[in-house]
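Per-chain numbering from 1; labels A, B and C assigned in written order.
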Amino acid sequence: MNAPAPLLEIAGLRVSSSSAALVRGVDLSVHRGESVGIVGESGSGKSLTCRAALGIVPSALHVSADRLVFDGQDLATLGERQWRSVRGSRISAVFQDPASYLNPSLTVGRQLAEVLRVKLGRRRAAARRDVVDLLDSLGLRDPARVATRYPHELSGGMLQRVLIALAIVERPDLLIADEPTTALDATVQAEVLDVLADLRRAHGLALLFVSHDLAVVAQVCERIVVMRHGLVVEEGRTADVLAAPSHPYTRSLLEAHREYGLDRLRAPEVVHV
Amino acid sequence: MSDPIAELRNASVGYHRGTPVLHDVSLRIEQGESVGLIGETGSGKTTIARTLLGLTKIVGGEVTVGGRDIARLRGRSLRSFRRDGVVQYVFQDPLRSLDPDIPVGDSVAEGLDVRGRIDRRVRSARIDETLRAVGLDPALASRLPGDLSGGQRQRVAIARALILEPRLLILDEPVSALDAANRVHVLDLLRLSSTERSFAKLFISHDLGSVAGVTDRVVVVYHGRIVEDGPTHQVIADPQHPYTRLLIESAPTLDAAGADRARRAQLREVVAQSGP
Amino acid sequence: MTVLPSTRLVLRSASARAAAGILIVVALLAVLGPVLAPHDPLAQNTATILQGPSAEHWLGTDALGRDVLSRLLAGSPVSLAAALLAVAVGLVLGVVPGLLSVYLGRAFEWVSLRLMDTLIALPFLVFAIAMTALLGNGVLQAMVAVGILISPAFYRVTRAAALTVARSQYVEAATLVGASTPWIVSRHVWRHVLPAVAVTTAGVTGASLVIVSSLTFLGIGVVPPDPTWGGLLATDLQYLYQRPWGPVAPALLIVATVWALNALADALRDAQTARSNRAVADHDDADSVPADASYPPASSPSPVTSPEVVR
């Protein structure tokens, strides 16, 4: 399953502000077509790690890495102009709050069409058709109607799928998803995760998925990386890590889920609260 | 059977874009019971809570809390009912539900202060005692909410609700904003405190998994109606309504074998047909 | 309980410190002015008319031989008190209805809003002149008139702040434990309204001083020979050729004071913004974007803050 060289390779990543070291030496790799999950709480540095791979770490912070390579290309030395040819077409991303990434005064279809025209050179009419097809491929019911809606008229789950559509329009090799379903209802979360899984299968998309929820990551990813306080404390194949966690923090996450998650109900005794 | 601490009988609440927000809802919460109220955004679960708190008026049916018909209460009688502190509410976002310019100790004691003059030492003692009960150092009473962490703030919000010794505590997504460690602490805390004081709890959530471990009973709301109501382990083992089944199938579990995408897609279709 | 930002935070910038310095001097002038005056401001001396600055008369003399410096100093408390009086009137007439409009129901709200809209439409000077014509020429009447016209500024600011508070979750939390409206106002509303009112007060005082000066320049409000800054600007206009430096001192005083008040208002507002930004930033974890970038809170279903399309 693993290609000889990883698609994304991060080694010794460090991100710090003037007062604190936020990411303190992180190693991470994603192979072509693989799904890797980063689990960690707020403050663990997981989001900053992703931002480093996209070149969007806030300028007030200082970033350094021994290796930050994507498909043989050194990302650390890229200028803003060069980044623009990487983002979207090679590496793409979706984030937590979909509404804030869309222009509220344009319909969703128009924003998608704009990307198709600008980035893929489609003509107007063709772009409109492609938009509907794209939305359809993401499991949105009545995609033609959705395309005519403004962002505030769509639910969180629909918006997130629109953003995923935007992200995969250029068929990138890697999709980075930073807490994409955290703000969504449970049933909607499942839908979006299903959509991501379908996309991965259809396009061989590699996925770097970040969440604070161990169960979500476990469901979506083949490999897990556990982060805490700016460092990787555990990593490995999902099944292995879940079966035999070596780090106490990972164990506490598992315990928490077993204690208060749905799995508990599989156990015979029910706690009276 | 003793009287329930709270009851909705055929309650309906107004219209929002053509659909009734709550339609003919009946719900009983027994003394000391722990109930989970599950539903998606816009399902009506928050409206049910607000009805029990007297914040939302019902247009049909009855709502009784602590033996009193609260639909009839207005102005002074409503305030008096609230000062009795029979039912208390923990907001979802402790950051916004605490006045940022007031020390948390005063926010916690607000329920006591509105009742009238209270001896300073008694007040201090109550604040300290309640903060300790939620696992916080009493010294934090003089701090502002902005100085505390998210987990600490959530506990302050719970303390504020508990200080009045309510018989029904309504918690709105109490742990969704918290990370794993804090989640466990807060849920443990809630589990513990009810054995000491025996009050009923109503957990509102969109996520069945997060309340499954702390509730005796689960009620599922969909499009303003109650579609499922039963003991937690029973509902999860043998759900009746397709939406409940979808909820269960949607919850991420650690053994990925439990997840079946085809079944979920099928359930979604069924649920979409069943509609409001 | 820090309702207003700390002095250090407010006086962070050089302009704020300069403004504070100027205002301290002005305040001293207001209090000690008449005492410090070397000559009797009303003493005329036809022998020494229209003289330039000299050792005897630091700012020279006017057309009636009166010492200009003494007149300037003596006029300080009058001008400043008049400006402050107008602000005080405006504050009371604006803040109280502003608060009440949030809590007294639709009818009051509608009436007060329309009233304020009307007041805003009226031109200051014309109205002030009309008031003095009606009630007699005096500082009190003129400044009350100005105060009435200034009140909409306070009304709007108070109402906006009070509305935000009234709709906040912490006020809803207080309601749920049985708090009455007076309780909520005295416990929660005032402390969130005060900062905005403070900023408005500083700015409005500057405007009020300009209006006072304009009125006294036109001879309205203060009866000669009592000196005022605006009046001093006006006197000897016909002798401008002989005494071109005449208006400089009073003009400088007025401009400096108004500038300082506006700079203080800006500094107050900046300090408040900085404080609330820092409070938000403290809640952020290391993962989030730091304080200097705008931060949309993830938990609230908030409207779009910055339109960026992710490609």
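Simple rule for what comes next: a contact is a pair of C-beta atoms (placed from the backbone, for glycine too) under 8 Å apart; a residue touches a chain by one contact, two chains touch by 3 or more.
Since the structure is predicted, the reported quantities are computational estimates derived from the model, not experimental observations.
S.K.: If you tally contacts for every chain pair, which pair is highest?
M.R.: The largest set of C-beta contacts joins the chains A-B.
S.K.: Suppose chain centres are the mean of their C-alpha atoms. Which chain sits farthest from chain A?
M.R.: The chain farthest from chain A, judged by C-alpha centres, is C.
S.K.: Quick one: most central chain, C-alpha centroids?
M.R.: Looking at where each chain's C-alpha mean falls, the closest to the middle is B.
S.K.: Once you find the CA centre of chain A and the CA centre of chain C, what distance in Å lies between them?
M.R.: The separation of the two C-alpha centroids amounts to 52 Å.
S.K.: List the centre-to-centre spacing of chain A and chain B in whole Å, with centres computed as mean CA coordinates.
M.R.: So the centre of chain A lies 31 Å away from the centre of chain B.
S.K.: Quick one: chain B and chain C, Cα centre-to-centre, how many Å?
M.R.: Computed from C-alpha means, the inter-chain centre distance equals 47 Å.
S.K.: Among the residues of chain C, which ones contact at least 2 other chains?
M.R.: Residues 299 of chain C touch two or more partner chains.
S.K.: Among the residues of chain A, which ones contact at least 2 other chains?
M.R.: Where chain A meets two or more other chains at a single residue, that happens at 41-42, 156.
S.K.: Listing for chain B: what residues touch at least two other chains?
M.R.: 150
S.K.: What does chain B use to touch chain C in their complex?
M.R.: Residues 53, 55, 79-85, 88-89, 91-93, 95-103, 107, 110-111, 114-115, 146-147, 150, 160, 164, 177.
S.K.: If we count contacts the way the header does, which residues on chain C are in touch with chain B in the complex?
M.R.: Contact set of chain C toward chain B: 1-3, 168-170, 172-180, 183, 187-188, 191-192, 279, 282-283, 299-300.
S.K.: Spell out the residues on chain A that touch chain B in their complex, using ranges where they run on.
M.R.: 41-42, 155-156, 185-191, 193-194, 197, 212-216, 218-219, 238, 242, 252-265, 270-273
S.K.: State the interface residues of chain B toward chain A in the complex, per the touch definition above.
M.R.: Interface residues on chain B, with respect to chain A: 34, 40-41, 150, 179-181, 183-184, 187, 190-191, 194, 201, 206-210, 212-216, 232-233, 236-237, 246-256, 259, 261, 264-265, 268.
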